[in-house]
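Two complexes are shown next, each including chain A; its partner changes from chain B in the first to chain C in the second.
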Partner chain A sequence: MNWELIFLFISPVLCSLPIAFFWVKEPGSERARKLPLLSVFGLFISFVIAIHILLKYPDGTYTIPWLPEYNINFVFIFDYLSKYMGALTAFIAFMIGIYGLEYMKHDYRLGWYWFFFNMFTASMLLVVYSDNLLMLLIGWEGLGLASWGLIGHWFRDDDELAYVGIIGRKIGPLKMYWPPSYGGWRAISTIRVGDMPMFFAVAAIYALTGNLNISQIHWGMLFSKIGAAGTVFLMLCFLMGPFTKSAQLPFSEWLMTAMTGPTTVSALLHSATMVAAGTYLFIRMSWYIHPWALHSVPGVAVLYFFVMLLGLISAFYGALVAIGCLERKVLLAASTMSSLGLMFGCAAASYWFGKLALVIAFWYLLTHAFAKATLFLVAGHLIHATHTRFCCGDLSLAKKMKTGLVATIIATVALGGLPPLTAYWVKAGMDGVMHHLVEMVGSTPLYLLILTSLLYSAFLAKFLSLNFWKGCKCSSLHLHEERLMPFAYACVVSMVFLLLYKILSGTDPLVEKHLLEFGLEKDSLMVGLGVTATYLFALVVPRISVLSPIGTFLGDRMYLPALNDFIVPSIGWAISKLIEYTHKAIDWFCHFGLPDFMLSISRRIRSIQVGYLRVYMKIALAFVMLTIFVSMMGWL
Partner chain B sequence: MMVLLLSALVSLILIVFGAVCSLKDLRLSLAASILALIIVLVSSITTQLFPYVLLVVAIGILTVFSMSIRENQISGVDYSLVALIALITAYIAYTNDISFILAAFVIASVPTYALVFVSTDGAKPHVDVALKYIVFMVLATVLFIIGTLFLAYSNSSGNTMLYTLGFVMLILGLGMEVGCAPMHEWVPDVFSAADPLPLSVVASITKIVPFVAAYKIILLTALPQLSKLTIFVAFIAVISMFTGNIGALTAKETGRILAYSTVANMGYVIATLAIVTSKNYLYLAFAGALLQLIVNAFGKASFFASIKTNGCSRPLMYLLALSFIGLPPLMGFWSKFFILTSLVGAGLIWLAFLLIVNSAISIPYYLRIARNLAGETFPGKVTAIALISSVAMLITVLPPNWFVSLAKAFFGGV
Partner chain C sequence: MILEFLLIPLIVTFLAPLMRPKLSTVVSAISFLIPFFYVIYGLAENIVVKQHVISLVKPIGEFYILGDQISFSFALAICLVSAMVALYSLPYMAHRFDEMGREFESEYRKYIFFYDLYATSMLWLVFSGNFIMLYIFLEISLLASFLLIYMYGYGDRRKVATLYFIWTHIAGMLALIGFLLVASNNGSLAFNSIAKIGFTAWLLIFLGMIVKLPGLGPHVWLPWAHAEAPTPVSALLSPLTVGLGAYVILRAYLISPWFIKKYMMPIFIYGVISSVYAGFMVFRQNDYKRLLAFSTISQMGYCLIAFCLGTYGIMAVIIQYISHAFGKAILFMTAGGIIANYHGLRDITKMGGMHEYVPTISNAALIGFMNLGGILTVGMFGEFFILKGLVDTFGFDISTILAVVFVFIISGLYSFYTFKRIYCGKPAGYEKVKVNRLLDTPLFVIGVISILFIFPPLANILLNAVKTGVIKAAILTIGGVAP
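Let's turn to the complex of A and B:
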């Protein structure tokens, strides 16, 4: 038994149990407020183990028997993807844990918070390291449950800071503000919609292949067996899980209102883990499906084209929404959705481009995770300091939050794709991939990518500008000599330089010098220059008042909330009305219809018992004569 | 054969002796009747049909006891009459002779004419009710006998027209005799107005002979024409089931509910005649019919005896009602199970479906019977009768495969 592996998953949960139980007994006591240290220590253990796995473990799988007679086991996989992703998850969770020690210091529900936070981390690690789909589902569901607990953490809905949207604002029947309790509900309900078909798809894969290990299933044979329609249907059912988790259209709404959770939660869930789990799973599946080798199998092309288009359109939509957003965290959430779309798009291009597209998508995931986590953490610090969710702040604020300013500049520049920082090289890789596709599927993907990239750098610059330079002056500042929070985001943002070093040195076994080559091409440089120009423009002109009606429309997410808050509930109400009437009909039938009918027949049957023999004889003889007559007629 | 004849003779003499003894001492009459039945039982001990005779004799003794609960105008003689019915019910199993079968049909029917008249506690005899009963019975007997004669004649001459007429008349006679709808008008009146004690005979043991007789006659005189005529039987069965079960739903007096229950049960039984042409399922169908008749006999004897004493032991009443409903593993389940299996096997799935629907309809009123009759448990003849009946319902806890082989032996003849 490999105890190290067991501890990787168990230690966060075990270490969070003391606070979970102790908080119930003595909520808010001084002693209870010290226990979160233990929780963070559990995250630290996981982090150390994940680093150990990254550096020392050989590639391969490790199996612990579970249901060996059904060929279902706990199978852990250690490969390029899981090693990096595991280290990333554990590192970010640990850092956000440290941040949370300070950020959540005065919270009223620390037992709940830390238990779900650590359980979330353990679930994510399980998703990352599992090769077996059933075991992956355990982690997957753990993510869903913990996200509900964390997003709805401030369940009392009594803090204006925890809402999303302007309180009291309404558009038609739609309330354009969402309290934390509703945010939690929106998250879990949307995710369940995707999980249901995913369960059935996993069951179908098992039924068809007798195997659940992603790396062992012979995907090509499976797809040939079920034909084109079967392949598309099965994989779309499966991908409903990743699509909803990664907030692709039209399931993006939950991600926006998930910002009702504490900022630590937003940073953990919506940068590197929960939402990335969907794209990670898609990359992992494609890694072993080898779609580039399945051009002879019908259906795969349709599937990957659909995923690519959905991803790119979601990316474009997310970028547009972010442009219009004025709430710090919601802007970042929309940008996350946009990034996830880009990852899907690039990963799906692997069908035409080969494995390198997956590597590029994965590297974008890594870059995005560090940069976006930093931005979320800074946003949290800003909310803490300014007591408002909306972008505001000027140079005086910037002077007081130097670490925050520097971290934001680095993160926006590195993530926006300004040459020569990290995301530039990764996005240059994406440009190269989409350029390669022009001959095969047309130039739409390339244009979508470039447009998204331009918008992306613009809203990042807008975020920087509105919070530290050109935003309105903050009425009251509450800076409390925070130390852990700046430390945490400084550590996280420094990681983008590590990635940059890896890219430039060409030491990564799969990236090698490819990204460098893509980045030095003329087209990529052009895009890089364009991105830099938009970035600088947006930095100087963060708001254009002439365009504010359009901005409001975009900031209202193009009224997509209507889907979650009006259309789907209306269908639900209609169904429940229908069921109510059906119930009434059944009740009426059982209580009145059938009994009354039986009663009247019964009375009629008994009504011939008048007591007179002559009547009885008439009936009996009439029947006898009738029967004999009919039988003689030849009827019988 | 000789043993059976001799013992029959001895039993008859004992029965007559018992009737004569009633002038002197009723206990002697009772003893003579019971002894006669025991001789019947002993004489058949080596034959294949012994289990059937055992059940019939048990029902016979129960009904004799039931008559002895209260004295009536013909006390003593009534024991003999019941014993005579039981004797002929036992012996009809052994014969394949049409004249004997017809004689048995008459002998099993006529004693009940006298029984229906009687009343206890010095009340007036039930002339009005008895007249209705007798008129129907006479008509039924006439139809049955003429039908049999037509069948027997057409079987030798090959006249299909006459055969059809004979079959229809036979079924009409049978239906009228046992109380199938739509010739059931006498049943609710008689069952609610006559004295419950003779009814425990009329409603129970007397139903067996007509069916056995009809089965034997139809099989002895069968022509190819028969397969076209069975739909008529199914028709009667369906009408009877629905009339009985739905009629019972709103009936309030226990006697009247039991009357409609009888109509429904006769429907179940006559339904088996619809597959008399199916070689593979004939015996299963007959086993089901016979078992249903035995369940009906035990149950009705106990229920009517309980009506006389205004109730009986609660658990016994519920057990008998559940057996009528058809709850496994009680005997009432197996009878319906056999009937349903044979109907489905022979292709009459629609009839099986209607039978199940009817079983469901019957649940409320059987429970109502049990609730009406449920009372304290007290030692006495009624409790004994109900207890023995309940034990009989429980002998099928092990699946009664033996009953199917028994049913086959019925048509071997002696």
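Let's turn to the complex of A and C:
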């Protein structure tokens, strides 16, 4: 038995159990407040093991028996994707863990927080390394559950800082503010809607092939067997899971209100776990489905085209929403949605472009994870310092938070796609992919991508500008000599340079010099220049007051909250009311109507037996009359 | 060997009233835990035992103890839940007697006798190898639970108890007539000597068990009985007793599956409608226990659905029974925990942010709801098998798939919606209390075991046994389901 592998998953959970128990026993005691160190140590163990796997493990799978009778086992896979992704997850989780030691120091519910935080990490690692779909589902459900627990962490709903939206604001019947308990409910309810079809798809794959290992299933044969409609149906059911987890349209709302959780949670949720799990899974599946080799199988083209379009439209929508947002974390949340859309779009293009599209999508995932985690961590620090969720801050703040400022600049530039930093090369790759597709599927994807890229750099610059330069002056600053928080985001952001080095040196076995070549093409350079221009423009002019009605509309997510908060609940309540009336009717009939009816009959019958002779005489007379009447009828 | 293990709780039933309350509670719990470990051992070793008890005259036939993997699986849930609820009873009934103004010790002696009798009869029921034997235990469990509700229930407890008695008695009578018809056709009611169950007999058994299960229509008794019973009794009624309806159908199915196979589609649709109907009702409830009662109906709809889905469906029935038993037992005990600590608080509209006051109970409730939703607990396999069976049976039939997926989604949604209503949000302004150890620890024991059942070795033991048991039972009977 490979104990190292087992410890990878259980050490975070085991190490968080002491505080989970201790906190219930002695909430808030001095001793209990020291135990988070142990939880972070658990994350550290995972991190070390993940790095060991990255550097030393040969590619391949490793099996631990689970249900051998059913041909379902714990199958761990070590390949290009899982090695990088595992190291990334473990690293970011560990760093955010360190950050959390300081950020959550005075929290009232540390047992809950650390347990779910560590479980979140462990679940994600399970998703990353698993080849078996049922085992993956354990991690997947763990992610959903942990995210619910963490988003609704401040369950008392008593802290204004934990809300999303302006408290008290309403548009028609819609309340445009969301407390943490509601944020958690929205997350889990959306995710359940996606997970169940996905669960069905997994069961269907098992029923059809008798095998659940992604890398072993003969996908082409499976798709040919069930035909075009079957393929599209099966895979759409399956992708409902990734779509809801990765907040693609129209399931994006939960992601925005997920910002009711602590910032550390947002950072982890948006970079390496949860939302990334959806795209990661899609990339992993495509990696072994080999869609580029399945052009002869009907249905696959439709499927991939749909995913690409949905991804790019979601990306565009997310970017537009982010442009209109003024809440720090919600802005970043919308931008995450946009990035996820781009990943889906690019990964789906692999049908036409081949495996390299998947590699590019994956590299975008990596870049995005480091940069977005940094931005969230800085946002958390800002919220701590300024005590507001909304963008504010000027140069005086920037002077006091130098590390934060530098980290934000690096992260925005690196993620926005400004040449010659990391995301530029990756996005150039995406441009190249979409350019290649123009002949086959038209130029819409390319335009959507470019538009999204421009908007993307604009709102990142807006974030930077409104928080450190041109935002309103903060009334009170509460900087308390934090050390761990700046250390954590400085470490995270430095990783984008590592990625940049990898790209420029061409040492990565799959990326090689491809991204470099894409980046040096004229078209990519043009886009890069455009992106730089919008970035600089938005940096200088972060808010345009003339356009503020449009901004409000975008910031209200184009009224998409109506879907989650009004349309679906209204239908549900209408049905349940109808059902309740039916139930009441049956209940009344069985337990009141029928007994009462029987009672009245019984009373009638009993009333006959009163003992008076004249009553009996009457009855006897009536029977005589009846007999005579009947015999008369017979005689006639 | 098996008889001895089954005799332990039976003997304890009669000894427990002689002991002091604490001792009797502990002894009762242990008397169920011993068979629990035996059951696990039996599952692990794939034991199948048949032990003769008595031979009766012709149409009744032999009474024997049948311990196969299916009996063991059901007994697994019964033993564990009964043991844990017994522990839980002590502080809870102390509170209840106090509330009713009765003297604790003498009342508790009565209570523990009926409690043990109730639980033991259910345990014996699943090991019965003869329909009449099974019927006898069915009626004993009915009587014991009726008396418990009648004596210690809430609200208009006498009326509710009578209502419960009449409904379940109808169920029992229908089944009994069915059994007698089987007897007259086959000359015996021992499982191993019945060749075929005729149409009328099947219909009567099925209808009877639909009342007990319950399906849509006759389900109206359940919210009354489960909500108004004293909570430890609810925690046996809902998780264990109603599911035994599924057990009886399962036994009949394994002997002669033609009825369900022939009327597969109507039963399937009926199951889906029952489940969705009750699922929607959950959203409208303001009484915690009544809410849980509706969720029981919804979960039992799973069983009806699963019956129509071939071998994997039958396996799903078993797993679903276990998972629902674990989950619902935990949840009823959480409801009881709040009742005991806050003087009969059951109204959800008066709750909110209860995590603040009773964090351990809240955490346990989370595990309970996870069981209902099939998240990271043994219920996950139940759902997986239902879905697998669905594809095996109907192929890619979109309407059936969407129906089942919708049923599962509803369960998840009402679980977390209820959790949010009760345990999250602005705290409702109560005093924080110190929860009695026995009001929360047993919940976690069940919870942890339900989670352990998705990992080896327990997952292995259970699922292998279930697979062997169902397939073997199917092969042994005439016209059985092919794997």
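Note that in this section the second predicted complex is superposed on the first by the 586 of 636 C-alpha atoms of A that agree within 3 Å, B and C clash if a C-alpha of one lies under 4 Å from a C-alpha of the other, contacts with A are read in each partner's own complex, and residues count from 1 in each chain.
The criterion applied here is as follows: a contact is a pair of C-beta atoms (placed from the backbone, for glycine too) under 8 Å apart; a residue touches a chain by one contact, two chains touch by 3 or more.
Computed from a predicted structure; not experimentally measured.
Q: Which partner does A:Tyr206 reach: the first (chain B), the second (chain C), both, or neither?
A: second
Q: Would you mind checking which one, chain B or chain C, touches more residues on chain A?
A: C
Q: Taking the superposition as given, does A:Ser396 touch the first partner, chain B, the second, chain C, both, or neither?
A: In the superposition, A:Ser396 touches no partner, neither chain B nor chain C.
Q: For A:Ile619 in the superposed arrangement: first (chain B), second (chain C), both or neither?
A: first
Q: Is A:Trp185 in contact with chain B, with chain C, with both, or with neither (first, second, both, neither)?
A: In the superposition, A:Trp185 contacts chain C only.
Q: On the A-aligned overlay, A:Ser570 touches which partner chain: chain B = first, chain C = second, or both, or neither?
A: neither
Q: Could you look at A:Ile605 and tell me whether it touches chain B, chain C, both or neither (first, second, both, neither)?
A: In the superposition, A:Ile605 contacts chain B only.
Q: If you stack the two complexes on chain A, which partner ends up touching A:Ser29: first (chain B), second (chain C), both, or neither?
A: Once the two structures are laid over each other on A, A:Ser29 reaches no partner at all.
Q: For A:Ile628, using the defined touch cut-off, is the partner it touches chain B, chain C, both, or neither? Pick first, second, both or neither.
A: A:Ile628: touches chain B, not chain C.
Q: Which parts of chain A are touched by chain B and by chain C alike?
A: The overlap between the chain B and chain C interfaces on chain A is empty, containing no residue.
Q: Given the complex with chain A, which residues does chain B contribute to the contact?
A: Going through chain B, the ones touching chain A are 131-132, 135-136, 139, 143, 161, 164-165, 168-169, 172, 176, 182-183, 185-186, 188-189, 228-229, 231-232, 243, 246-251, 361.
Q: Spell out the part of chain C that touches chain A in their complex, as residue ranges.
A: Checking each residue of chain C against chain A gives 163, 217, 220-221, 224, 277, 280-281, 283-284, 353, 355-356, 359-360, 363, 370, 373, 375-376, 380, 383-384, 387-388, 390-392, 396, 398, 401, 404-405, 408-409, 412-413, 416-417, 420, 423-427, 454-456, 459-460, 463-464, 467.
Q: Contact residues on chain A for chain B in the complex?
A: Contacts found on chain A: 598-599, 601-603, 605-606, 608-609, 611, 613, 615-617, 619-621, 623-624, 627-628, 631-632, 636.
Q: Going by the contact rule set out above, which residues of chain A touch chain C in the complex?
A: 24, 27, 65-67, 69-70, 134, 137-138, 141-142, 144-145, 148, 152, 155-158, 179-182, 184-185, 188-189, 192-193, 195-197, 199-200, 202-204, 206-208, 226, 229-230, 233-234, 237, 572-573, 575-577, 579-580, 582-583, 586-587, 590-591
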